[in-house]
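Should a chain be cited, it is by its letter among A, B, C, D and E, assigned in written order, with residues numbered from 1 in that chain.
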Amino acid sequence: MTGQTRGSARPNQWLRNLNAKIASIPMILTAVVIFVGGTAWTVLYSFTNSKLLPRLSFVGLDQYERLWAAPRWLISIENLAIYGFFSLIFSLVIGFVLAALMDQKIRFENTFRTIMLYPFALSFIVTGLVWQWLLNPQYGIQSIVRSLGWTNFNFDPLYNSDIVIYGILIAALWQGTGLVMCLMLAGLRGIDEDIWKAARVDGIPMWKTYVLVIIPMMRGVFITTLVIIASGIVKVYDLVVAQTSGGPGIASEVPAKYVYDYMFQAQNLGQGFAASTMMLVTVAIIIVPWAYLEFGGGRKRA
Amino acid sequence: MLNLVANNSTVIEYEAVPGRITSGPRGAKPRRTLSRRNIVVYGTLFVVALYYLLPLYVMIMTSLKGMPEIRIGNIFAPPIEITFEPWVKAWAQACTGLNCDGLSRGFWNSVRITVPSVIISIAVASVNGYALANWRFKGADLFFTILIIGAFIPYQVMIYPIVIVLREMGVYGTLTGLIIVHTIFGMPILTLLFRNYFAGLPEELFKAARVDGAGFWTIYFKIMLPMSLPIFVVAMILQVTGIWNDFLFGVVFTRPEYYPMTVQLNNIVNSVQGVKEYNVNMAATLLTGLVPLTIYFISGRLFVRGIAAGAVKG
Amino acid sequence: TDLEVTHWWTSGGEAAAVAELAKAFDATGNKWVDGAIAGSGGTARPIMISRITGGDPMGATQFNHGRQAEELVQAGLMRDLTDLATRENWKEIIKPASLLESCTIEGKIYCAPVNIHSWQWLWLSNAAFKQAGVPVPKNWDEFVAAAPALEKAGIVPLAVGGQPWQAAGAFDVLMVAIAGKDTFEKVFAQKDEEVAAGPEIAKVFKAADDARRMSKGSNVQDWNQATNLVITGKAGGQIMGDWAQGEFQLAGQKAGVDYTCLPGLGVNEVISTGGDAFYFPLLDDEEKSKAQEALASTLLKPETQVAFNLKKGSLPVRGDVDLAAANDCMKKGLDILAKGNVIKGTDQLLSADSQKQKEDLFSEFFANASMTPEDAQKRFAEIIAAAD
Amino acid sequence: MTSVSVRDLSLNFGAVTVLDRLNLDINHGEFLVLLGSSGCGKSTLLNCIAGLLDVSEGQIFIKDRNVTWEEPKDRGIGMVFQSYALYPQMSVEKNLSFGLQVARVPQAEIDKRVARAAEILQIQPLLKRKPAELSGGQRQRVAIGRALVRDVDVFLFDEPLSNLDAKLRSELRVEIKRLHQSLKNTMIYVTHDQIEALTLADRIAVMKGGVIQQLADPMTIYNAPENLFVAGFIGSPSMNFFRGEVAARDGGTFVQVDGVAFDVTAYPARAGLQPGQKVVLGLRPEHVKVDEAAAGDAAHQAVVDIEEPMGADNLLWLTLAGQSMSVRIAGQRRYKPGTNVRLSFDMGVASIFDAASENRI
Amino acid sequence: MTSVSVRDLSLNFGAVTVLDRLNLDINHGEFLVLLGSSGCGKSTLLNCIAGLLDVSEGQIFIKDRNVTWEEPKDRGIGMVFQSYALYPQMSVEKNLSFGLQVARVPQAEIDKRVARAAEILQIQPLLKRKPAELSGGQRQRVAIGRALVRDVDVFLFDEPLSNLDAKLRSELRVEIKRLHQSLKNTMIYVTHDQIEALTLADRIAVMKGGVIQQLADPMTIYNAPENLFVAGFIGSPSMNFFRGEVAARDGGTFVQVDGVAFDVTAYPARAGLQPGQKVVLGLRPEHVKVDEAAAGDAAHQAVVDIEEPMGADNLLWLTLAGQSMSVRIAGQRRYKPGTNVRLSFDMGVASIFDAASENRI
């Protein structure tokens, strides 16, 4: 009866999965209004000379010209590149090595894991403070080593323009490698045990098994980890502020800080927006193709 | 490992009595507990553990020292005279401007911010992830991709537009506004986690529930939720950590009466009165980190399990 | 009525001074709700501005008067105080007049200045020089000459904190002292790019180069930590505004005995009249608006001015108050003020944007020994050329 | 009376067409098995019938009601899945009653139905347990129970037994068969296990690439496969195929394969064979008789390559006409590899296909 | 000459003893199957032989060399896993040659061996592909190839076929058998599929709870199981068991079950049967003859409950002496459920076990 009529016609496409669509409204709003809308807004205003308040008085590419002429921006970019490169490499390498060690059916695994993971619970502000102090030549490691007799020992990365970014890197790795280790460990645990056995029977040395067999099998984990690390790298800000405030001089400036400083301290929104747009462009160049492949292509359901 | 052990075993060339094995020499069981492999593994882990623990150790030790001892002292030395003064000061007395109630006020603010933000952001993201994993509708993937890319956008870029949006909604400066902000910025990673997790659950379960007549919400609450403890733990840990430790949003999107603990911490640490009171700073730092740390120590095991379930299958 | 007041006065001396304001305001039957944000104006201003633009304004907020709030005013977000000012005759009482000018936009007054801060001070630690065995210098040149002796005694000659504004400020001070008031105005007020690239300024950069050399090893961030180096005799001197005085006071030191102050670096006794002012965002709430007025007028009351500025170490904005309790240094400052040897502060002359660029330049210059003064001057001239 | 009717059903995943204008009528009370290799679209078809997938085109009728766009719960179907799909956090009892509670059936009625299902499946002692505390067979029984309580007209099974080991599989097979005999519901059962198909089905639909190749009762499928695919797919070991040419000689009809002539005079549809036609001769392993080689027809002698004793049966792999073939004999009869044997064929039960169209002649 | 000897092997995981003082001798060139249900320790034993698990006690000899503590690669073994365990990012060729390259075998030699293995397994066209581009059967072939190239004395297989579907399984089974016949290596093969065990093995070791229950050739295992467990485990459907008591009457020996008397006078070990002894009589389904019920011995009449036609065979489930039993008859012979049939038994091939010790009499 009713079924006859109701069932025979294809119902309105919009009404199918209605609940799912309703439930997705926050996501859609966030994606469209905040991420797309906000980004578009930012890009638009980067072509204006907005100062303290946004206003639509276009000045073409002036902000970008100025941006790329600013030594501080160039240094920021360079720092981000160095920091990003090494933090990617070291996070992955250290995280993986630790995970591999943890995967040796060791005792006290829980203890070790907790120890490595706890820094992740601390904010960058806290991390920055602690390491600022440990790296302070008057109180920290340098003074300790000197007091042990090596009076020529020099270790003051935060006060040396040339290596300050590495000082920040130390703190960043301390904070972040635990999580990477966890991710890697989870990945290692997901590897079929028979692969290990096969490699042993084949007489492949352990390190070779890791390098040639296991790591290539962990592509998914590496990608997830990469996303997490990379999204953190682009945003690095608090850590620098807490540890060096960009100093000495402007030696440890990073793009996110440039954006913040010019938007709010210098009250030059246009400049800040131009800098953010550049950051977005960089991110987009790296991320969009990947994200499309990973989620957009309608491929697989995990 | 293979190479290391191989040296240990003696190859026993056995004089064959045709067709039969006599009691023959035995390959003694090599002692493996102290093998070189174990020394390397445990040695490395031990050294690494030291690296991770050192800052914590220094923080604790310093927070228990008096200022004079700090000035003369070695940061690694345990306090000669233990004092809890810095803790008291950090908690209840340290000043910012005119307010001299230390972190205590910020603590409750942080609780008031963190609890609803965590709950709401996880609730929203888990429903999203569920919808994406099980009820894929046209265009969902597009929005999701945008969302994931959003995870890479520096917060600073978004501050201004969000200020405008919140202002238009009339919730700027309120707790509601801050909760919305946390929900928005937590969404990409959380949604990814939940989506992966739910997609990893057997699809047949979902189908069975649909045949049983359960709808979108019934399936979510009755079937999916009870199976998702690990991923909820992960999400909770990530969010508690993130929101509790947040400084930027706490300071930009609220008014002082809601300032979270981190703002207070920043104020205490940056309100230098004469010399930096390292002991108070460290105590304040530890106090601020206490909540997320506790959660980590309690639920670390579930965290790894949840990560394995939610993050790994990209 | 509760009125939330935001500011970035969180160091010891500053906090004590704010307490005076709060006390005075509370005495009017209202309540001062303190919204201190630590970490200097650079951290605090963005927060204040986003709250005002975000539609959740505080009752009153500190800015450096000058151009920081210009656009907020233009956007109609700030309260017009002209009526009150006329009623209370601010035009007459506020000295120097440039202070009120900085609060005036298109003929309307938008802020209440509370103090005058001058940058042009060199603070010297008597103990440090004693330890180094040289007499306390009387001007910049003597100070430079004494530097080697200080260094030999293991003392950092000149303390400069790592915050960018400190280096930029020190340069401005050197400029007034060495190149003189006219040059200063040509550069910052008229934005004369040729002068900025010229020989006068080259001299200033030479001096800045000296300062850079002398500041090596400061290794502190905050200005008051740098001041603390001077207080404890770990550093010979510091170029810092008069607010540093608050720290000396708090440490129980006495001007002339424990420390010496040289306004205008002892070379050119001019002081700038920057300072702090309170702005009042436009509020809907009738009650609060009343409280805002009460606060504005409280801020300018003579008693408040005295109490506040004594603690803060700055100069009052009205010439008619009695500052008998002032110490040596403050008196020196009042003298100079009375003589009219004043210039505008760079906050009043330059936009925040140009200021920031300048800060970036000098922060880099002071930290990076390989940057030559000539290069720095070239970039300086570019900034001035582009400044608005 | 048809219970389930599928009319011109098509389904695409993006550009891939998984089902293509498929038609199927299932009678009331019938046990229909969908059989096919992995990926041929069996589950897809079942999911369409269940309403778990939106069809691209066509209609589905259940009890003569068009249910094409109805929700699964409204179709009067119950479904049992390969991985059991029990709700892990609920007790067995809760698992069984969940659907009823969602449908707001009165509690008394729920209890009654659960008790009845539990009795039928003999899982009363397990009602309080969680699925994790059950063995595989027990879980599968609960999964069936979940469909049972819903009192539905049509049961859908998606490879319900393939996660179980051989022993359990054969036990549960019998149970499902019993269940069908006592309930007399319509059952649609997906499997790629031909033993299951043959033993359970009233009719089997053999599928390949989204198309039904043959729909018939098991014996017809086994003994008279419509085409080469069905012939090769059904039977383990597979039917032996010989490609050759039809030749008529001495009043008899022969299929000439690589120098070996098979006398197919006894083939029932012999009339359809044209001399010179290229054909494929199919012989099931159990339709070949084996004797010790003697001085018989030289053409049908073969050498045993491999012997596979399987207990009750013995499988011989031999080479005949240049190709490997399997023969099934009784378990006690053993031939060592290398032994010469003589083969004879029962052409009355052979199958002959046209080599070009691959259809049965 | 023994190829592999296991002496008093014990293995514990913590407090759990998985293998308990196990002894096993495998002859050179023998195909030994370890058969047992899940969790009985088959894989564990195999892993011990391979050197992948450290034994707790006992020794392992391969070619009379004590290898108990040697590395897997030095034992002269090759291993094939259930999940194939191919290196997913390497081509088939690389998968085969990887171990050799690591062992620094000269490239020419590697190429030769890979080519040979590829030829034997007929995977030459696949050499350039990645494992993901292979079907299950092809993958398993590559996995075997990986053991093959290593030119080892002993092949170890851990359920190599259980991830494949029935059809492929039976194909690869034949291939493995062929491989064994041509290579003549020692092979140890773990499975829980009895068909595999029966068809492949020279000898089968039936395991239960870490203990070998019977070690014998397949026919002995099938026809003369040592104990009740082996009897029940082997054969599908299972042997039918009847618990009863021995009675002597009229010069004959009977097993009296629930009012039904089975005449076991023909039982070969009849002498071992004591009147009054409690025994279990085991009858394989194919050792029961079925005729239309006539006016014969009323005791051996039964009703068909369920019929399971399986193509070549037909399985009947009947009730006799109050319990369900299965009977296997030819596929053409059909009995509708409810039919009355008459049964007769071939006691010459029956098994009788002591009810207490469960051992064969």
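Basically, contacts are C-beta pairs under 8 Å (C-beta built on N, C-alpha and C of every residue); 3 or more make two chains touch, one makes a residue touch a chain.
What you see is a predicted model, and the numbers here were worked out from it, not measured in a lab.
Touching chain A and chain D together: B, E. More C-beta pairs in contact connect the chains of A-C than those of the other pair, out of B-D and A-C.
Centroid distances built from C-alpha atoms place C farthest away from chain D. Measuring from the averaged C-alpha position of chain D to that of chain E gives a distance of 25 Å. For the pair chain A and chain B, the distance between mean C-alpha positions equals 15 Å. Put simply, the C-alpha centre of chain A and that of chain E have 54 angstrom between them.
Distance from the chain C centre to the chain D centre is 90 Å, each centre being the mean of its Cα atoms.
Shown for chain E are the residues in touch with two or more other chains, namely 71, 73-74. The multi-chain contact residues of chain B, meaning those touching 2 or more other chains, are 2, 159-160, 266, 269. Residue positions 46, 50, 53 of chain C are each in touch with at least two other chains. The touching residues of chain A, counted against chain C in their complex, run 51-53, 66, 70-72, 136-138, 156, 159, 161, 244-251, 260-268, 271.
Those residues of chain E that touch chain D in the complex are listed here as 37-38, 165-167, 170, 173-174, 177-178, 181, 192-195, 198-200, 218-219, 222, 234-238, 284-286, 305-306, 308-312, 315, 317, 328, 331, 334, 337.
On chain D, the positions that touch chain B within their shared complex are 47, 50-52, 71-73, 77-79, 81-90, 98-99, 102-103, 143, 146, 150, 158. Those residues of chain B lying in contact with chain A across their complex are 1-3, 37, 41-42, 44-45, 48-49, 51-56, 58-59, 62, 70, 74-76, 124, 127-128, 130-133, 135-138, 140-162, 164-165, 183-184, 187, 189, 191, 195-196, 199-200, 203, 215-217, 237, 241, 244-248, 262, 265-266, 269, 278, 281-282, 285, 288-289, 292-293, 295-297, 300-301, 303-304, 307-308, 311-314.
The residues of chain B lying in touch with chain C in their complex are 95-99, 159-160, 163, 166-167, 170, 172-174, 251-253, 255-257, 266-276.
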